[in-house]
Amino acid sequence: MDLLVLLIPVFPLVAVLLNGLLGRRYSHDLAHRLAWGSVGLSFLCAVGVFVETLRTGVAREVVAYRWIFGGDLTINLAFLVDPLTCIMLLVVTGVGFLIHLYSVGYMHGEEGFTRFFTYMNLFMVSMLLLVMGNNYLVLFIGWEGVGLCSYLLIGYYYDKVSAAKAATKAFVVNRIGDAGFLLAIFLVFVNFKTLDYTQVFAQAGQLSTGMATAIALCLLVGAVGKSAQIPLYTWLPDAMEGPTPVSALIHAATMVTAGVYMIVRNHVLYDMAPVAMTTVAWVGGLTALFAATIGLVQTDIKRVLAYSTVSQLGYMFLACGIGAYTAAIFHLMTHAFFKALLFLSAGSVIHALSGEQDIMKMGGLKAKIPWTHALFLVGTLAIAGIFPFAGFWSKDEIMAHAFVHGQYVLYAMAAIGAFLTAFYMFRLTYLTFYGASRLDPHTAEHVHESPPIMIGPLAVLAVLSLLGGFAGVPPEAGWFHQFLHAVTAVGRGGEEHGVGFGLVATLMMVATAIALLGWGLAHYLYSVRTEKAAQWAARLPRVYATLLNKYHVDELYDALIVEPTKRLGLAWDWFDRTVIDGVVVGVGRMTHSGSALSTWIEKYVVYAALNVVGYANHQAARSWRKLQTGQVHHYVAILVAGFFILVHLILAWWGGASGIGIAAR
Amino acid sequence: MVLFFFVYFSLVSIVAGVFTIAFRNPVHCGLALLTLLLHVAGLFVLLNAEFLFAVQIIVYAGAILVLYLFVLMLLNLKTEQRYLHTRHAIILFATAGIFGELLLLLLQSPFSGAKGDAPAVAILQDGDSFAVGIKMFSDYLLPFEIVGVFLLGAIIGAIVLAKTPTAVDAEQE
Amino acid sequence: MGQYALLFILFAPFLGAIALLFVPNRQVLQVRLIAAASAGISLLASIYLFFAFDPVKGGYQFIQRFEWSKELGIAFYLGVDGIGTPLVLASAILLFAGVFVSWHIKDRAKEFYIFLLILAAATIGVFMSLDLFFLYFFYEMSVLPMYLLLGMWGSHTKGYLEMTDAEGLKKRDSVDFFFNFGSNSKEYAAMKLTLFLSAGAILALLGILLIYKFSGLHTFDILVLREQAKFSGNLATIIWLLVFFGFASIAPIWPLHSWSPVGHAAAPAATSMLHAGVLMKLGHFSIIRVAYEILPETTRELMPIAAVLCVFSIIYGGFVAFYAKDTKYVIGYSSSSHMGYVFLGMAALDYISLSGAVLYMFAHAMATGMLFAMAGWVYDQTHTRDIPSLGGLVNRMPFVAGCFLIACMASIGMPGTVNFIAEVMILVGSWNKYPFQVIVAVLGIVLTLAYLFRMMRGLFYGSMDSHYSHAHDAVAMVDRLPLLLMITCSITFGIFPGHFYNVIRAGTDPLIARITQVVPMAAQNGDALRVTRDESRGQAGNVSPVVRHSPPVTESRGAE
Amino acid sequence: MLEELTFGFPILSMLLFFPLVGGLILCLLDDDDLIKNAALAVAGLELVLAIVVLLRFIPDSAAMQFSEQLAWIPPLGISYHLALDGISVLFVGLTAFLTVLIVLYSWDTVRHQSKLYFAALLALETTIIGVFVSIDLILFFVFWELMLIPSYFLIKLWGGGAERQYAALKYVLYTLLGSVFMLVGIVLLDLNYHEWAVTHHIEPSYTFDFLQLLMIPIPPDRQILIFWLIFMGLAFKAPLFPFHTWLPDALMEGPIGMAVILAGIKLGTYGFIRFSLPLLPEASQDGGVVTVMMTLALIAIIYGAIVALIQPDFRRLLAFSSISHLGFVVVGLFALNFQGLQGSLLTMINLGFSTAGLFFLAGFLYTRRQSTHLSSFGGLAKKVPLLATFLLIIGMASIGLPGTNGFVGEFLILLGAFESYWLYGAIAVTGVIFGAAYFLWYYERAMLGPLAQGLSHAIADLNGRELVIAVSLSVMVFWIGLYPSPFLRIMNGSVQALVERLDRGSPVAGPGVHPPVLAHRAHQHVLGGRAQ
Amino acid sequence: MIPLSAYVAVSAVLFTTGLIGVLIRRNFIIVLMSVEIMLNAANINLVAFSHYLESMAGQIVALFVIAIAAGEAAVGLAIIIVVFRGRLSTNVDELNLLKW
């Protein structure tokens, strides 16, 4: 069992190493087999682990090795397997496996095929570390690792400027969240002197509410970054620059849900911090609504899906924020299924259209690519929350919880969001598959259905989208809830809302009605009265433009953060060159001036003083030298005179009284 | 007796000195100088300095003066026409005056002092030469050697100076 | 044999000079060889002296005494202590190096060597005189050859300090003339040097005579004066000031320094080496010998004067060196700046700092000797000392450039050279008393690096004028020998300063103990200091005799 | 306080002087190829020696190991005292490792006077190793200063920039200015010992021996003075924030090899952890000191990162990133707790692989384009995929991606800082964001996007030698990132001792305090056997 | 007994005579001779003091004086010869190069 746990991330890791180091040496076929094969093996292991967990119902920790240690800090590279992890493992490896398979077809013939699979497998490794880690730091490895893979895969078409920019943006924005996450980790360590979940949660009760709030909010910053919530959501739509399987796997099914996973994992701390909970709920609710509005008018097929992803993630946050952790995970799972399905289908569309992504240039594809159409429709129905598709069950549960908890405003936001979701998803469907073809003729000739290797996984996902919701049936008491109960109940004292069936049924009705309303509106605008949409848009040009430009948030961030930072950089660079370096140069100059001054003094004071003396001497000598007659006699005469004087001096000096008796002394 | 000799030697010395500077013919001057030297030697005898007496005669009268005379002969100098300039008279008197004063000073002095370790009795016992020799080669060895070197230097110097310039030297300069 | 070492050291150059008189001017090689031989004997003897000096015994050793004039109390009295020994060694090394540096002098080589030998011998004489009279005698004697060496073999300094313009000399009546008065000629330099030093010497002489007169001891014997002479009050102050400023003018202390850079610049290389290397140390040495030994209390009171002036020396000299355009001016001012360190070390009156000062004298002798030797080489090759017009010579003369670098490093006190040790000792010793000066000194090091590197860059790097393409490196062994000798000394003693230090401490300890009246800490516990030093020397493995007057090699063998 | 272990064989002396001797021998050779091979052989053997030392090092021990001591200048208490402990031993290995790589890098990039170049490089290696193995403060200072000479010439003679003369002189002057103040500080330590020795009648009364200086009390106010004096030397060399302007110049103008050394081997901060902290515990914990240091470090982190953000030249960017990283190191140091110190130490080692590695890669770029300026790049990933990949790997290490070495160090630093001063830690965390921003933005503009104009001609990807460099760096990056245990074990003992020292403070002065036993306590530990 | 002052007087007179000779004569050789007179005067003094003070020092110095006189004569005369060779004169007035 322990071995099985360890093997889960090891398989993709081996594939990464083989493909990464030797990938150039062997054929693409071997490369992709290695890639999906390893993920498949991981999936099998995950299933094994899941079954074991299901059987024993015991969480277990597996330590790989001691990683960072010293002093009172010991961090192991260790894994925790509990029901939450199992769910995540299954979703990640399962969906991942399908997407890998799909990619074989989708990426066929692309430059850097091996590279793609290397990155994908690396992503799998990271994601598995993320969900399996038994402490915050292993989680963080995965957390940053998936960020890196996201960066690499968004930038897969690196020679496209937009892709390169999107990649950088994704990484940097994620980093902002990561910084928050790091702070949370530090706070946890400072308070608990350990980073292991089990120990932290066991001691959580000693924590003050303030500290719990601080930790929870810091964690939230991380989650917001990773899961693309307000205000850090902007990177996700841009991330659509990556290949479509990437969008499906990373930016829809798995990575972006890491924030949700993390919050649920830390629900013990959140439960202690009502303020943080409220914040989470509101962030989720706002995001759900906000992203949905933007999704209304987007024309890029993947962008619509991206905003819908942001919106759906908002639902999950909302669920977390009101304490419906199981519902959040449930929605996470179903969302993984149908969003992967939607993305992959969209990929199939794009594949069919040789890269065209603008829905305004599609239309009427139903006939040409029927399989894709059918699968896409399943996805749409699921996300719109139409009974009995998966999305219905999970979304409904969230909304029900909001209602039951008395969060009527949130409920209203969720409901409006659901309406909008249904609307824009069907808008997408209609624009893509129905109506008249708006394809440009050249593309139209080449439209073809995708190969089975792509359709196969789609079919599996479609089935899951259809049936996946039944794991949570009946609401609040389904198998899914019971399985997760071991995790979500920790620290909550078994407090559960007893919700009457009547209320649940009513809410279900309402939800379905809302979804159908959205569908209906979409049908009216894009199928029945196609010209109406443009008229409506023209009637509210500013609203339309604002929505189309995503509320100008990107520009706002640019103007408020990016540009000022660059300016600051330029200013500081100037400061560095002129002021700081200027001080240095100034010291040099001062030395130089000091030297000049000293030399001036040397010349005009020291030397000059001496020279003046010398010159005076010289001039005096000019007159006195007349004394030098050259006649020896004169010299002797002077000598004699001098001698005379000297003798008198000596006599005076030694005291005349004692006479000349020098020898006597 | 001693007094007589002293007076004799003194007077002759002084007169010879005056003649030395007074004669016009340099050779005469030389001869006067010779007289002076000999009489000074006599004074030395009076002072119990026999060794010095001998040296005075041999070195001064014998060697140095002969050197002078040789040079005089060699150069064949003419008699000076006029040697006493008027303005020199001032010098003469000034000098005489100065020394007159010095003489007075000297004569006023008591010349008293501690006696040395060489009283006349002791010198006379072994003779002056003996005493000089002992002193010279004990306490004054170093100055003696220096004087020796000095003399050597002087001789070499004289030779170098008086040497007739050769062709090689000229070339070097 | 061993005890006559001083006589060998002192008279070998003198005799060499005399011997040279008898060598025809044409036989240049013979002239050189004789000069080299006499310098070599002197060097060997001084090396012997250095290693045979017994630091444990301390005091004055190798004493030679000849009465000269009993009446006047003058004796030819030689002896060295721990302070004189290193300086004698330095003089001998520089003399030997100087002979080789001047190997290529063509103009009246014989006379040049004669004067050089006399100069060095006189300098050495000062370092070993224990009689004030002979100290002064040799001191004056060292000045005279300087005059001739400068006046005859010197070179004109073409206004590199921007001191003069050629026309200025002609304008006799203008004010400019005051500032340019003869200052670009070697005669000017020679005359200035001689006058300055003589003036200083007269002051010192006056001081010495006052000591002689008022000690009432009727002797010039320093050792006797030290033990018995007592001076106090104004008299002591006056004597001290006379002695200090008299000797400090050769040291030279700011503002009495102006003769020195000019003199350096005008002098031929070997002369500059001796001049900067040892002649200037006569000042410090004589101050230590006369003022410290005879007037300890006054020294204690008045030495702060030096501590004040040394700041100016260091900074001012450094600044002017930074600005000067003439290689030798740069080195000259750097010397005058570095002498400030010696004064600082002396002024602090501390065991370590005074030892540091003495060591620094030796270290500076090596470093500056190297610098001047190489500046001279460059000048010989290019006939200019103008830094801006030079450049790129490294390709022509890599060896010289390399040595120059080492010399610069030594000069700034790069660890590994003896200068570093000396500097550290000065800093260690002076901090308690003069922290401000220490900081200034430390900044002076940086300044030194700046102007030396500036000069090195100006000379050896950058683009070379095609004019100098004929310049060639020091290839011959005779040309390399002096540089290698000095480098070896600098580095060897930098890495193994043990014996050196012991020797110096043997000289400085008693001095400082007398002056400060504080016995070294270790000496309080019996003779601990001595013992420790002995042990440590054993550890360091330096050769040093335990018994006097026997060859060191046997000693160390015996000790083991 | 610290136990000393000897090795029975002067391996440190050998380690110390082997490159120098090798360099000198190199000077005797003439053939260019022979010189290169010989240089590589010397550097390689040195690395082997260093590895032997690392393998023989007893981990989890605070002892000073491989101790060698010889009296050098006994009266001044200066000795030739070498030893390694957990703090310094890794640096020795790092230096030897980087030197090998530099030799490899210089193989065909140094075209003129290669003999002197390699000799200078090896001499530089000796001096750097000397800095790390010296336990005597003066000996340390000796090597510290001697380092300037080869550095100066490496920058001056083999630098690529037009202003290399200026840069070389600036570097030397700057460093010298700082180190003379440090010398004064060292001297004050010695004088303090002297005073104490005099009052306690200890002989010899002077010492510069680190281990002995540790044993005596230093009054706190004097500690602060000494701290700032030593700070000058270390800060200028490191360089810390306001003293850094020589660094961009030296890195821009100097040769890549020198840049690798300057950026990769963190002598300045090593000085703090080796000498300042243990010798001056009270000063290091003084509120003012910590505040100033932390402030400077935080400014450095953010300032360096933001200035790096807009640099169009890769080397200048790296210079500022280096300043930023040093800020992290200092934050860790002055967190003064176990994690902070451990993290700083590890980060110093890490920078030897990551920042130095980036300089190698900058060098590869320079070889190809004769510039590291953005204007010569754009879309290069297409042309040189391997180079781009390694640039990304090592860049990720530099920005501290988990799984790479950078993360472990940075995490520990931040954790330590947060534990001690949460606000400082929190501010430092923002550096993580900027780090990613400046590197990735540059990477995006240089490597990604469409191929820039003028790049259409063939540009060779990494050749064998370059690949060896890049791969060996990457291996170290991942090794430390994923399995840092051997490194942590090596340093933990000494870091623990340091923390204890900081907690305890310097010995208390008082009448009852007996002088500690100054006798040299060295235990023989048998060659080949590990006495546990 | 002849008093010391008598010798001193004699020597003083002789010295003055020699000095006057040096000052007034133009012939170089005679100037030299006058110097000899002065030396002799000094010698008389030396020996006289030596005698009266009972010390040998005076005599010794007198001996040295004689030696020096010999040297002086030799060198001086050699110079005269050299000069005469060039100028055919021994007149001191003509040898006036020693002025400014």
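By written order: A, B, C, D and E. Residues from 1 in each chain.
One rule holds for everything that comes next: a residue touches a chain if its C-beta (ideal position, glycine included) is under 8 Å from a C-beta of that chain, and two chains touch if they have at least 3 such contacts.
All of these numbers come straight from a predicted model, not from anything done at the bench.
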| item | value |
| --- | --- |
| Neighbouring chains shared between chain B and chain C, ordered by label | A |
| Chain occupying the middle, per Cα centroid | D |
| Pair of chains whose C-beta contact count is the highest in the structure | B-E |
| Mean-CA-position distance for chain B and chain A (Å) | 118 |
| Intercentroid distance (Cα basis), chain E paired with chain A, Å | 115 |
| Chain D and chain E, separation of their C-alpha mean positions in angstrom | 86 |
| Residues of chain E touching at least two other chains | 19, 23-24, 53 |
| Junction residues of chain A, two or more chains touched | 633, 637, 640, 663 |
| Where chain B touches two or more other chains, by residue | 91, 95, 102, 106, 111, 113-114 |
| For the chain D and chain A complex, residues of the former touching the latter | 170, 174, 242, 244-246, 248, 303, 306-311, 337-339, 342, 379, 381-382, 396, 401-403, 407-408, 411-412, 414-415, 418-419, 422, 425-426, 429-430, 432-433, 436-437, 440-441, 443-444, 447-451, 482-485, 488, 491-492, 495-496, 499 |
| Residues of chain B that touch chain E when the two form their complex | 2-3, 6, 10, 13-14, 17-18, 20-21, 26, 29-30, 33, 36-37, 40, 43-44, 46-49, 51-52, 55-56, 59-60, 63-64, 67-68, 71-72, 74-75, 77, 80, 83-85, 88, 91-92, 95-96, 99, 102-103, 106-107, 111, 113-120, 123, 128, 131-132, 135-136, 140, 143-144, 147, 150-151, 153-155, 157-159, 161-162 |
| Residues on chain C engaged by chain A in the complex (per definition of touch) | 161-163, 177-183, 192, 255, 257-258, 315-316, 319-320, 322-324, 447, 450 |
| Of chain E, residues touching chain B in the complex | 1-2, 4-10, 12-21, 23-27, 29-30, 32-34, 36-37, 40, 43-44, 47-57, 59-60, 62-64, 66-75, 77-82, 84, 90 |
| Residue numbers on chain B that touch chain A, as the complex places them | 91, 94-95, 98, 102, 105-106, 108-114 |
